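Have a look at these structures, which come just after this line.
Shared between the two complexes below is chain A, which pairs with chain B and chain C, respectively.
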Partner chain A sequence: MIVLARRLVQLVAVVLAATFLTFTAMNTLGDPLFNVVGFVAAVDCDAVEAGEIEDISGQGGTSLGDCAVVAEAREEFHLNEPLPIRYGRWVGDLIRGDFGTSFKNRMPVSTVLADRLPKSLLLMGMAEVFAVALSVPWALAAAYRANRAMDRASTIGAFGMLALPNFALGVILFYFFVVKWQIFPSRFEDDNLAVRLKSLVLPALTLGMPLAATYFRLLRTDLITTLQEDFVVMAKAKGLSNRWIMFRHALRPSMFSLVTVFGLNTAALIGGALIVEQIFSIPGLGRALVEASIRDDYPVVLGATVVIATGFVAINFAVDLVYSYLDPRVRRES
Partner chain B sequence: MGQKGLSGMDAPVQTDPEEQFGVAVVRRLGAGFWIAASWIVVMVAAAVLAPWLPIADPNETGVGGRMDGPGWSNWFGTDSNGRDMFSRTIWGARVSLIVGFFSILLGICVGGTLGMIAGYFRGIVDRVISFSVFVLLAFPALVLALLVIGLAGQTLPIVTMTLGILAIAPIARLSRATTLAYSEREFVAAARVLGATDRRIMIRELLPNVLIPMGALTLLGMAITIVVEGGLAFLGLSVEEGFSWGKMIVLGSSPRTLREGPWVAMFPIGAMFMTVLALNFAGDRLREYFDVRELGIGVG
Partner chain C sequence: MPDNVANSPLLEVDDLRTTFTIPTGDVKAVRGVSFTLDRGRTLGIVGESGSGKTVLARSIMRLNLGTNVTTTGTAAFDGNDVLTRSPSEMRQLWGSEMAMVFQDPMTSLNPLVRVQRQVTEHLCRHLNLNRSEARQAAVDLLREVRIPDPDTRLRSFPHELSGGMRQRVCIAVALACEPSLLFADEPTTALDVTVQHQILNLLSREQADREMAMVLVTHDLGVVAGRTDDTMVMYAGTVAEYAPTVSLFADMRHPYSEALMRSIPLTSFPSHTRLAAITGRPPDLIDPPTGCAFSPRCPYVQDHCVNEAPPLVEIDDPAHRLACWTPVGSPEALTAFEKNLAAGLPQAVAVDVSTTWSPTGGVDG
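Then we have the complex of A and B:
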């Protein structure tokens, strides 16, 4: 219970810090009003009211009536109030479960998130499944015969894989599987689950292969260290089969760094797959974040930030639970 | 399978520890390092000397035909405007390397100094700096990049500065950790007993020790910033004037260009891959050579 409470406090602190910074930056560096009403946002409406300016067409507006639109938008989005009060209002709404309204088409942010998040989660899940399915057997095979040809080739291969940027891998896969051989669709298709899974295969591979290389390197190193432990010598002396030793004795205690990095990467993938989503035209959370940032549509950016921060803290919590499953010693200490 | 299996188990007896754990015990850089270093030197030289090299003007259209494949007259082929891809790849290196180098330099100057101050003085100074670093890390990097670049303009200095700011936090963390470790050492205590001022201790005693891991970090960090710049290009945030490798890859990766001339995207990809590989490898070897513990920097 105490652990859970501490996690909740941490979550609130991280969400508040991240959203406050985003909120301030987007409102001081950008101009949200501009994206609601257009160029007319630049018109000095106070001067118009005072009758100092008669014709505002040179300032970006077309008619004097535009000032009413500006005032209305200011009122609707509370843009004429001081920053701290607006941030407070946003937090208050959030506590009541209201994420606010997007500037773009006045859609509730929760609708935008509900539409985008499942696609990102599916992509994240597939990428991690590919990464683990590739890396674990690969690391087991390499560590099993450390420093032999297969191991050396794998280590070099993993090193090379990590030097290939994500977007470059994406373009290469796109070229071969979409343009040349036309095995996969060129953009995201959403008709049914099978089609959706199929159009996510390439992006998931793009994300998953560098991850697999990272996991391989970690697990291989840890496995080799574990294989020198006394209990492995003991198991061997007992006459247990190599296969049994590898899977039942060596693998579990070797998974600590893997689990840590797995957690960090999974959290990063929730909203961080934006470049891959861009290349393969997937309407996921990352793309929503990019589009909203460009438009200074800060309700959407803040909503996405909340989701990402929550996912980050939740996944780290899950990782801690997995630690105690992997190693009983951790359980006793905490 | 048989008894020959599980060689990892007997390995430490029969192989040298360097191979086993990737920690250099024997102090040599190896041939691989020199190959990687030569590639970097050639790349930098080509980028610096690009205006004087006997290559086509990268922006001149109609040097070759439209979408000519790689051949004798145009080594890397031409793009849809008949521009020479070999020349463009070399000119693209200029922007990519400038962004990569100067942003990591900025990160090391600011982040390294902050980290050293925090690690040396501890107490309230450390707490303030560490909290700022944490906040910078928690801030969605992309939002910052989008806002700053979108607002201040997509010029070379702005893109470089933005990536540099993003690099400050992780570098400050590394520099603080290294300084903390060295502040406890005898030579620092000795200098203090001899009456050295804080400034003298930091510059004469600590800085040389902190700079060594930072040197390896420059190479590894440059690899990361070059890649991040390429990522920004995919979001339409690369430099507006001129072009980097990232921007070239974006231009070459539309389905139509890929179908008609895959080389337009593949040569910049190859150049970037080789350079990042060389930077990673050289950086790794240098770090092992100076026997610094593994510390992830995790930018981007």
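Then we have the complex of A and C:
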């Protein structure tokens, strides 16, 4: 229970820190009103009112009427208040479950997130499933015969997969499987789960293959270290089969770096798959974040930040739980 | 074990040589060792670190892992050479016929696996026991190695046990399938002195009860004394002296055996007695000396020793074999010692200043 409470405090701290930085940056670097009222947002209405700037209404230019719109919008979004108060107001809304509304189309941010997040999570999950399913057997096979031909070839292959950038791999897969052989759809289809999964196969592969290469390298190295341990010699001296020794004795003690990096990568994938989402036209969180950032649509950006920060903390908590499952020595007396 | 082979030796090792190939050369860790071990008998292998005793034991068990190891010679177990067996044939032998207790119980148990699985996993394999039978067998085994409350201990992880307990678990693992040959590779080196004695007694008792042959590897002559039938003193990968333990202690002939004996502190020594350590270091096994490997550290060294390695030959008592040109107590040894002392050879001087020992009479007191 104490552990859980400590995690909750950590979650709150991380979310506050991340959103405060985002909030400040978004408000300092751009003008959010631009997307609400258009170019007039940039006009200095005080100067127009004072007659210092010519009122060019009727010619598609600025008018006092437009200035009224700007003032109204300012009022609506509380933009005339100081930054800390506005941040405080935003946090208050968040606690009540209100993420605010997007500047773009006045859609509630929660609706945007509810629409985008599941797709990103599905993509993330598939990518990690592919990565683990590929890397674990691969590393076991390579470490079992370390420094032999298969291991050496694997190392070269892994470096190749790591060196190939996401967008290149994505485009190559897209060309062959979508354009040339037309096995997979060219854009995300949302009819049912099977269709969704099918349209995510290629993007998940694109994300998963470099991950698999990373996991392979980590697990192979750790396995080779573990296989030098005394308890492996002892397991051998008991007459156990090599397969049993690999799976039941060597694998678990070798998984710590893999689990750590797995957690970090998974958390990074929640909103970080934007290039792949772009190539395969998936309306995921990453793309929403990019579009919102460009438009200074900070309610959406902040909403996404909350989701990503929460995901990060939650996944790292899960990783710690996995550690204690893996190693009884880190288990706390509960 | 079948009765028809009962009169042939259980283990017959002939000219065993083990070499590790490393970037700087070939490390000749074992350089031609031969011995036989009968059923139910015990052999102590004694030597300092790097003398090849552990490598010898692991070579016979075929447990030198890695691709850079070559072992030649023969090691016949029950009449069949172990060194030519296939990996799957070895797996039949490991655990069920030959077992090993390792040096460090802190690292030889898998820290992430409960004791129960570590004790039972090979039982299921070798003896075809089901889960509950294997569990019962594990409880009995733990009880036999004097672990209190075996039911609780089976659910423990190794880190929840003390060093002595862990070594008892390792012994239980080794004994589980009733092997006919047990290697105990420095089983007490990593343990507290108070626990060492208990573990050695446990091993001796189990060995006697099960009529199991045992090879006890140690760097401590005191460990083999009174516990083994025969003792083999190894130096630099070769056998220096091999004798029934009783006659070895009665009549230690190799200068190295004598030096090991001399370096054991005795409670009868007056306080602040300078311990007679062996001067120098073991030889480089990549390029071992042509003569006697001990000659650079031997107080009785003469020119002949440096030029030609002494063969292992039987001396007066036919069971006592020795590889030395100037056996302890021989007139040649005395002459050589006085000459070396006069010449100021450090190893002779070191022996001379040690007040606890004299070159003619062994350890005083």
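In this text, the second predicted complex is superposed on the first by the 317 of 334 C-alpha atoms of A that agree within 3 Å, B and C clash if a C-alpha of one lies under 4 Å from a C-alpha of the other, contacts with A are read in each partner's own complex, and residues count from 1 in each chain.
Keep in mind that, in the parts below, a residue touches a chain if its C-beta (ideal position, glycine included) is under 8 Å from a C-beta of that chain, and two chains touch if they have at least 3 such contacts.
Here the structure is a predicted model, which means the values were calculated and not measured.
**Q** Please indicate which partner A:N166 is in contact with in the superposed arrangement: first for chain B, second for chain C, both, or neither.
**A** The answer is first: A:N166 touches chain B but not chain C.
**Q** Quick one: chain B or chain C, who's touching more of chain A?
**A** Comparing chain B with chain C, the partner touching more chain A residues is B.
**Q** Which of the two partners, first being chain B and second being chain C, lies in contact with A:Y144: first, second, both, or neither?
**A** A:Y144 sits against chain B, while chain C stays out of touch.
**Q** I'd like to know which partner A:D191 touches here: chain B for first, chain C for second, both or neither.
**A** neither
**Q** Is A:V233 in contact with chain B, with chain C, with both, or with neither (first, second, both, neither)?
**A** both
**Q** Let me test your reading of the model: by the given contact rule, A:I224 touches which partner, first (chain B), second (chain C), both or neither?
**A** After superposing on A, A:I224 lies in contact with chain B but is clear of chain C.
**Q** Is A:P328 in contact with chain B, with chain C, with both, or with neither (first, second, both, neither)?
**A** second
**Q** Of the residues on chain A, which ones does chain B touch that chain C also touches?
**A** After superposing on chain A, chain A residues 147, 227-228, 232-233, 236, 242 contact both chain B and chain C.
**Q** Would you pull the chain B residues touching chain A in the complex into a rising list?
**A** Its residues touching chain A are 1, 5-9, 11-12, 15, 19-22, 135, 138-140, 142-144, 146-148, 150-151, 223, 227, 230-231, 234-235, 246, 249, 252-253, 255, 258-259, 262, 265-266, 269, 272-273, 276-277, 280-281.
**Q** Please output the residues of chain C touching chain A within their complex, sorted ascending.
**A** So the residues of chain C in touch with chain A come to 61, 63, 65, 67, 87, 90-96, 99-100, 102, 104, 107-113, 121-122, 125-126, 157, 159, 170, 173-174.
**Q** In the complex formed with chain B, which residues of chain A make contact?
**A** 14, 17-18, 21-22, 25-26, 29-30, 143-148, 159-160, 162-168, 171-172, 174-175, 178-180, 186, 221, 223-225, 227-228, 232-233, 236, 242-243, 245-246, 271, 274-275, 278-279, 289-290, 293-294, 301, 305, 308-309
**Q** Flag every residue of chain A that touches chain C in the complex, lowest number first.
**A** Touching chain C from chain A are residues 147, 227-242, 244, 248-249, 252-253, 326-329.
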